[in-house]
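Some structures to go through are shown next.
The same subunit A turns up in both complexes below, where it pairs with subunit B and then with subunit C.
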Partner chain A sequence: MAAIYSLYIINKSGGLIFYKDYGSAGRMDTNDSLRVASLWHSMHAISQQLSPTVGCLGIELLEADTFDLHCFQSLTGTKLFVVCEPGTQHMEGLLKVIYELYTDYVLKNPFYEMEMPIRCELFDINLSQAIQKDRVALLGR
Partner chain B sequence: MIGAGKIKQYSNVLDKPLSKGKQEVSSSAFAFLFSELVQYNQTQVDNIAELERRLEDAGYAVGARVLELLCHRDKGNRRETRLLGILSFVHSTVWKVLFGKVADSLEKGTEHEDEYMISEKELLVNRFISIPKDMGTFNCGAFVAGIVRGVLDGAGFPAVVTAHFVPMEGQHRPRTTILIKFGEEVLRREARLEHGNFNDLVKAIIATPADVKYTISFLHSAYDLSHE
Partner chain C sequence: MQFFGGSDISPSPPAPTASGNNAHMIYVFNRNGVCLLYREWNRPLHTLNAQQDHKLMFGLLFSLKSLTAKMDPTSLDKGNLGVPQLPGQGCSFHSFRTNTYKLSFMETPSGMKIILITHPKTGDLRESLKYIYNLYVEYVVKNPIYTPGAPIRCDPSVYSSNQDPNATGDVVLKKF
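On to the complex of A and B.
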């Protein structure tokens, strides 16, 4: 069974620009995924305001009974988050790797329009390779 | 003068050796700059052929300068005058300076005598670029094609150079092939040079005393006559 259920990338205004699901669990239709993305964006923003600690950057991990949600926010406000099996380790590392792929194959692509949905072949190829590698590493652990 | 004697003074600026320059630049910096170049040109055109042409023109200027520099720095102010010579110059010397490696392959076209191909599995300019489906066969390698055209044109080998994606078996990504189609006059001149060499060979054979044995070996394009 896949450890990662799905991956979302949302732009700085909360629009979903990339969504991909892996495995059968937690599969959603397009409308639902858009809803989750904007909901998460708002929750993230609210969490920053409500946090008792000074300089809080928002929720990094949400733990639920049936899934974990790991979130990574870049300096420009783009957020990447993965929904995965409860207790899955090393998701921060994977999110960093995915962010690196995003900066390489999306931002350096002259045909990508900022804040718009990501449709880059190279990003897809390298992303599936990274996820595959992560799965192999997970089996090894 | 402060520091005099430390640095050798050249009375003539032309005597000064040309510095090798910094050999490497950041790949990210280049990728972003190239991306901007493509984006800017995209705003200036209304069809893909035009965009390809503009990128090629940008590359042409690079090629012309690279030829000038390399002939002076690496080849002691000499340049190649033969077809295969200039092709291998592009394939190895130019490629090494621009992309840090020799091109993956240099082949002669099978269908036409005047066509040559330089292929690269992963062209540096295309490393981070995914072409959208609606742009068809457009290839940002047009910029590199322009560089090649600039070098060839500057060296006196006018050619039409284009970049194409060629699908490879068992590979996700197609490779990029730079197709070089030489002008008619280039081939005519090349044939004449070849012919000239052949005349020399005949003269040499006639001049050889009858009792000397010789072997003739055919090397690339030149004839080599060695006595035994």
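On to the complex of A and C.
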């Protein structure tokens, strides 16, 4: 059971700083994942322009035929998004947990340079645990 | 890709998803990106002029479609990002939600796009979009003086002779 297909983190200028695949068919290569991430950044910005009322913060959930995409934007403009099976629940909660891990293990890492690709071992370990836990929670329902 | 019933299906209103009119706008585009119909009921914010707004909407849908086709985690061969695809080819999407609105989208096999913008808490509108498409088939495509590709004008006098005069697009759309 693969509830989550992949996770992307993009910086405030649309550059991909983290990408992890959890078993989607036909893996995307690095160039494609970079392109998809910056395309998402632009679509997110355009969706705010088209809002009928004020205060639009961009796309939160995109429902495609074969997957759901949940996006969370932090106050500083960093965007995290997960691609999961259609109808997967509690993804907003998972994104907030991942954001917490990002602040704890990436931003507090003295060797991490802002807006640069994430290469932090502790982040990777805790992230895989969070995703695992989420899967366990889904199985337990 | 959904396929639609024959034209002998007479349009019947779908079950209402919520009470009252919670629709903001509707857009209808043909396959060339020409806006055939645009109506707004509740739109306090206009960031662009009408023409630019339609272009931006069509561009957003086009790009989101190429994004979902490329991202599709269930197919092995996805082609290259940004390559134009035929309607029904590749993974498409049916809605997205922001904190202020929900956009529901349907593309017909002929490439026509119907877009409904509603309150973010609205449920699944795929049936409603199909119903609007049936209205288009019944009252626009079957209208003998309608030129394909021209903007849709809902003039009741045009087809009041043999159709129900209340069945114009505008009147029916108010149900949403």
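Heads up, the rule we're going with is that the second predicted complex is superposed on the first by the 138 of 141 C-alpha atoms of A that agree within 3 Å, B and C clash if a C-alpha of one lies under 4 Å from a C-alpha of the other, contacts with A are read in each partner's own complex, and residues count from 1 in each chain.
Note that a contact is a pair of C-beta atoms (placed from the backbone, for glycine too) under 8 Å apart; a residue touches a chain by one contact, two chains touch by 3 or more.
Everything numeric in this text was worked out from a predicted model, so none of it was measured.
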For the three-chain arrangement built by superposition, which of subunit B and subunit C touches the greater number of subunit A residues?
C
Answer with first, second, both or neither: which of subunit B and subunit C does A:74 touch in the superposed model?
neither
State whether A:121 touches subunit B only (first), subunit C only (second), both chains, or neither.
first
Answer with first, second, both or neither: which of subunit B and subunit C does A:111 touch in the superposed model?
first
Going by the contact rule set out at the top, does A:43 touch subunit B (first), subunit C (second), both, or neither?
second
Which partner does A:57 contact after superposing on A: first (subunit B), second (subunit C), both, neither?
second
Subunit B-touching residues of subunit A, taken from the complex the two chains share
104-105, 108-111, 119-123, 125
Subunit A residues touching subunit C in their complex are 5-6, 24-26, 28, 32, 35-36, 39-40, 42-43, 46-67, 69, 83
What does subunit B use to touch subunit A in their complex?
28, 31-32, 34-39, 42, 128-132, 135, 140, 172-173
Contact set on subunit C toward subunit A in their complex:
24-25, 40, 42-45, 47-48, 53, 56-57, 59-60, 63-64, 66-68, 70-78, 81, 91-101, 103, 117
